[in-house]
Each structure stands twice: as C-alpha cells, then as structure tokens.
Amino acid sequence: MSKPQPIDEAQASPEVRAVFDDIKALRHVEDVNNFWKYLARDPVGLKRTWESVKEVMAPGALSPLVKEMIYVAVSVTNNCDYCIASHTASARKAGMTEAMFAELMAVVGMANETNRLANGYRVPIDAAFD
Amino acid sequence: MSKPQPIDEAQASPEVRAVFDDIKALRHVEDVNNFWKYLARDPVGLKRTWESVKEVMAPGALSPLVKEMIYVAVSVTNNCDYCIASHTASARKAGMTEAMFAELMAVVGMANETNRLANGYRVPIDAAFD
Amino acid sequence: MSKPQPIDEAQASPEVRAVFDDIKALRHVEDVNNFWKYLARDPVGLKRTWESVKEVMAPGALSPLVKEMIYVAVSVTNNCDYCIASHTASARKAGMTEAMFAELMAVVGMANETNRLANGYRVPIDAAFD
Amino acid sequence: MSKPQPIDEAQASPEVRAVFDDIKALRHVEDVNNFWKYLARDPVGLKRTWESVKEVMAPGALSPLVKEMIYVAVSVTNNCDYCIASHTASARKAGMTEAMFAELMAVVGMANETNRLANGYRVPIDAAFD
Amino acid sequence: MSKPQPIDEAQASPEVRAVFDDIKALRHVEDVNNFWKYLARDPVGLKRTWESVKEVMAPGALSPLVKEMIYVAVSVTNNCDYCIASHTASARKAGMTEAMFAELMAVVGMANETNRLANGYRVPIDAAFD
Amino acid sequence: MSKPQPIDEAQASPEVRAVFDDIKALRHVEDVNNFWKYLARDPVGLKRTWESVKEVMAPGALSPLVKEMIYVAVSVTNNCDYCIASHTASARKAGMTEAMFAELMAVVGMANETNRLANGYRVPIDAAFD
C-alpha cells in the first residue's frame, strides 16, 4: 500500500495532537481538515507548516479575506484541486461574495493569458519598472 | 530575424493607435508599456486583450489594488518576469505598501508550498468543501 | 468516444507485445502498468519512451532510489496524479522509507516556496553561481 | 565554477561529433545550436535526446510546421526563454507567417486563461467527453 | 456549500441565455458544455470569454483543427483535466485522427522534456534567434 | 522605483543581522547570497524562511546531496533561474559530480515528458497504487 494514510485524532501522538488542538482553537472548528491529517505522517513538518501558515495568514497589512483570495489565485494557477476547494471555502468564510469570486476568477484567467502573451512575444521589461 | 519587434506609436495603424490612445487616456500616461507595443503586431488581438483587461481590471467587487496583487500572485507563480515587473509597479501605484508586498510574497510562497504538500500526500477533498 | 482507450496484452500487436514483455522481464512483474497500456495506442512512441525510460532510470551515478525520488519531486511539482501515485510506489519498492518520503515532500514544498520568493523579489544571480 | 559549459565541435569526442554531424546534415546547417552544445556534457543523453527529437519531429500525420507551432505553444506555456526563441525560429523556417504566429499566440493565451477558469469553477467533465 | 454550481438553461437570465443560444447555433449542438454552465455564474465573464473564444478559434491563418490541437497541447502541459477532455473531443470533431493525436502527444511530451533540459543546462539563446 | 532592493549587512537591523550571522556560521561562508539580502526586506519572513530551510535541508533520512538535487529538480521544472543557479552550486558543493548532474537532468527531463503523456492519454491510476 503506497498511498499515504491520514492520522486521525484518536491515533495522534501528543505532538500531533497539540498542533491539531491549536488549529481547532484558532479556527473555532471541531475537527481539522484532511490536509493536516495527512501531513501528520510527518509531525515535524506538520508543526513547521502550521506555524508558518498561522504566521503568514494572520491579519496584517492585508486582510484575511485578501490573503485567502491570493491563496485561491495561486491554487487555481497550479491546478491543485484540494487547495482550490479548501481555500475557496476559507475565502467564503472570510467574506468573499459570489461577485468577488467571479472577479477573482476573471483576474486569474486574464493574468494567466497575458503572462503567456508576454512570454511568447518576448517583451523586454520597460525601464520604468526597474 | 525571428524575434518579434514592437510597434511604436509613429508606425501604428489607425486601429492600433486608437487602442494606444485609449490606454493612455484611461491610465493617464504618456506612453504605453512595451507589452502593448509588442502585442500590436496583432491589431485584432491587441484590441481584444485591451478590452478584456479594461473590463476585468475595472473597480468592482474587488478594488484595483486587490486585483493588481492577484495579478502579481499569478505572475510570480508562473515566473513571468515581464508581468512580475509591470504588475508590481501597477500594484504600488494602486497603493501597495512595502508591508503589503511582503505579505503578498509570503502568501504566494506558502500557497505554492502547501499546493505541493496536498499533491504529494494525495489528500482527498473534505466533504465539507463540496 | 473521444477518451483514449488502453491496449491490453491480448489485443497487442507483436511490436507492442515485445515492449510489454521487456518491461515485465526487467521489472519482474506480471503485468504492465496502465501508463504503458495507454501509450500503446502509439507503438512507435511506446517503444521510444520505454527505451528512454529504461536508459534514464538504470542505476548509474545515481541510485534507482534517488532517481525515483527525483521523479516524484517533478511529478508533485507538476501535479500529475498518475505519476505521483506510480512513482511513489516505485520509490517505496526501491527502498524509500516513510521518513524519506516525509523529507522528500518537505524539500519539494520548500523549493516550490522559495522558487516563488526568488521570482517575486526579482533576485539577481550571484556572481559566484556563474 | 558551477555553470554548465558548452562543448564546441573542436573539443567534441567522436560520439558527440557524430551527433553534431547528423544534426547538421539533417538540418542543412553549418553549426549546431547552443542547446546541443550544452547537452553534449552528457554524450549518452545527447544521443538519446537527438534520436528522440528526430523521430518525433519528422513529418508524419502532422506537418513539421504544425509540430513546431505545438512546440512553441508548450514552450510559451512553460516560459522557457531558450525554447521560445529557438522553436519560434524553427517554426518561421518551416513556413509560419506573422499571421500564423499571431493566431498561435492568441490560442495559447486563451487556452491558458480557460484552463484556469475550468480549474477555479471546478467544472466536472461532461459525460460526452468520456 | 462552497462548490460553484452550474446554471442550466431553464434558470438562465436573458443575457446568459443569449450566450448559450449563440454557442449552440455556432457549434450546431443542442446543449452547451459544462464549462459554459459554470461560467454563467458570472454573466459578464461568460459573454467576454465566449466572444474571445469565438474570435480566437475562428478559422484564419490557422485551421480549426490546428487551433484545437494547440489548445490540447497547452491543456496537457497545464494538466487541466476538463480542458484535455473537452478540447481532445473538439479536435477529433475537427478531424484529428488517432495518428495525429499520437504525434501531438509525442511533440508535447518532447517539448516538456527539452524545455527542462534547456533550463537546467542554463543554455544561452543563440545570436541567430534574436 | 518599483524593483525590490537588497539589504546589505551594513544596513541590516539587529534581527536581520542575526539571521545573516546564523546563515554564515552554519554554511561557513563570509557573506550571504542575494536571496537572503532581498528577502531581508521582510525581516519576519526572512527569519521564518531561514528557520524552515535550515530544518528541511538538515541531514536526516536523506543526505544533503540528495536534498539539493531534489531542490534542483523542482527549480528546473519551475524554471526559476536564480534557484537553478544557486542550488546547482549547492549540490556541487555537497558532492554532486558531473555524471550525477547529467543523470539528474535526464530524470527531470524524462519525468516532465511522461507527466504530460499520462495527462494527455488520461491514464487512470492502477489499483495497485492505492
């Protein structure tokens, strides 16, 4: 069996459980998402990733909503099904309306298009951008 | 000579000039960026792309600043040098502070990391996300 | 019906069967993976791809285990579900432990993150790397 | 010095020279492109790659022009500067006009856009496509 | 429920219905593909995308068949399951034979390989390509 | 001026200097690479990234050499010029010979090719891989 298997709370070691508890407390949820249960195969990586995500996604100069939409933009560009599903859900929870989602998709689509036009036409960077 | 060449305003056909004029008027700039000068090799594509960009990037449910940051997020993920340079400049013009840029980069980096962790651990989508 | 269909051994032409037999003999398996059955729609491509894979993945300066982990790293970065599944299985067969898999994922995730930080910050290459 | 260095014809081993000679003869050119000179650091890989490229790019059900344009489409999507430059040149040599290039870019741009719209809207595959 | 939902014809607003009708008329089909039903959540984006696709995919310097194969090449490179399925179907409808499909796949695979060899060997662009 | 600017040691705040000092001590180098000088615009991100890289790249179940080669594989796949240059240098420092580099490139190229063949042929995952 080569497919990675998740670690449920019942099986979790104390260090994994501590991360799960922190996620649940911070997010006011009763269970952690599959992402964390799979990553728990690597307790050190689980802790590092969670601490990093927590720091990066905290409100700062950008709001949680904007941060979640940026996360969706990257995930859609990379075509990560899991991440598109989970971060679209998080963005909605943070206040993304249907109209915002539509505009987010439109910008992501347009950026992916013009990125390739710039590549293909071999456009040199304007002096003003340096 | 196989490298695409730009079309400067002096050489521009009336239809290309009309697009250039619209860009300059809407953006309050005296000259268009290289991107448009290269795309002008294809006047129909130039017009279509500009009309689409104009519609997509107009203020709506999302602010121009948020839209520009999403553009940067996609361009960084795709590693499009031209687009990173031009849309970082646009985002700054739209109000992106150094602190916002730092958080944007942090989210983009983290999303690119966790996208791959989700792929590699083959994490199934939680029922709650459907 | 536009979806490609596999070629099973029973239907295989002599040239396809010869490739299948070589795969089975070299890998000590009783059947070939789906990848080869689908690629068999193109017998010339099947043979070329198999000969190339056989040459590239043979033990050399790098061990089969290291080569399989590199294959996984690329497949995870590209988000190729089939390739992640098949090469993770091959890597385990070649000796990849759970601890190695966790470290592999961690490096792949980190590289995908810092690749984007380098892009977004437009970091110039150090003279020492040239 | 960590940057790979090219192998010029004067330094080439007999096996490398044989590949270089085959490239020059088939393409009616007096020197090989940089790509082959760098790949020549790995004589086995050079030969394998050249034999594969020769087989794949030969006229068949698709013309050399169409094949070169497909090569450009992939290279633009991946943002490979070298490959965009070299295969755009090859496509022009095979007959790509400026109008064809403009349409090629337009399709590549549009496909990159709608790929992301399909991802982001999580569109399920129509039964008719299976 | 965070997953986007499609808009069927029965629910469609007049502006969405007008786009659906245009797609059906131009393509001689009785129903539109899922892609358009999901995109219909954003009527402005639906119209813009359809008008762009219609313009870009119309016969011109390149035939519809060649354009569809380029679309497939991009979609395969980006690993967009939906787009691979739908544009492979369109390409077959436009005349792509099994032999053409096999050659298309072979070129796409080879281009993705040599793109990375060019990156990894850091090959400088030949003067002849500028 | 929209291009990010590096922070040299002379300008560095105490928290940035502490990270620079840790990098120099651990790597036995007299100066840090450009990557860290640019990332220093974001002192919190600098520290988080360095702590993560330090943890991920430390010798463990995989050797530093293998980890650096995996880093190169990802960077080549993503076409990150800076990362290809810096991690190829690190890999050589960790013991990568020219023969290993050639095999690394060959595997990365082959994986990028077969990833697309698996996508394009829509190959279903074998039951044995689950």
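In order of appearance the chains are A, B, C, D, E and F, and numbering begins at 1 in each one.
Following the convention adopted for this analysis, a residue touches a chain if its C-beta (ideal position, glycine included) is under 8 Å from a C-beta of that chain, and two chains touch if they have at least 3 such contacts.
These numbers were taken from a predicted model, which means no experiment stands behind them.
Peer 1: Can you list every chain in contact with both subunit A and subunit C?
Peer 2: For subunit A paired with subunit C, the chains in contact with each are B, D, E, F, in label order.
Peer 1: Of the other chains, whose C-alpha centre is the longest way from the centre of subunit C?
Peer 2: Using the mean of the C-alpha atoms as each chain's centre, the farthest one from subunit C is B.
Peer 1: Subunit E-subunit F contact: same residues or different, taking over half shared as same?
Peer 2: Since more than half of the residue numbers are used by both chains, the interface counts as same.
Peer 1: What's the distance between the Cα centroids of subunit D and subunit F, rounded to whole Å?
Peer 2: The mean C-alpha positions of subunit D and subunit F differ by 27 Å.
Peer 1: With chain centres defined as C-alpha means, what is the inter-centre distance between subunit C and subunit F in Å?
Peer 2: 21
Peer 1: Residues of subunit F touching 2+ other chains?
Peer 2: 2-4, 41, 44-45, 48-49, 52, 56, 77-81, 85, 88-89, 102, 104-106, 108-110, 112-117, 119, 121-122, 129-130
Peer 1: Can you tell me, using the touch rule above, whether these chains form a line, ring, star, complete graph or other shape?
Peer 2: complete
Peer 1: Tell me, which parts of subunit C touch subunit F in their complex?
Peer 2: 3-4, 33-35, 38-39, 41, 45, 49, 52-53, 56-57, 60-62, 66-67, 69-71, 73-75, 77-78, 80-83, 85-89, 97, 99-100, 102-104, 106-108, 110-119, 121-126, 128-130
Peer 1: Taking the touch rule as given, give the residues of subunit F at its contact with subunit B in the complex, in rising order.
Peer 2: Residue list for subunit F touching subunit B: 2-4, 41-42, 44-45, 48-49, 78-80.
Peer 1: Would you tell me which residues of subunit F are touching subunit A in their complex?
Peer 2: Against subunit A, the touching part of subunit F is residues 1-3, 44, 48, 52, 55-56, 129-130.
Peer 1: What residues on subunit D touch subunit B, complex-wise?
Peer 2: Where subunit D meets subunit B, its residues are 79, 85, 88-89, 92, 98, 101-102, 105-106, 109.
Peer 1: Which residues, counting only subunit E, touch subunit F once they are in their complex?
Peer 2: 72, 76-77, 79, 81, 84-85, 88, 104-105, 108-110, 112-117, 119-122
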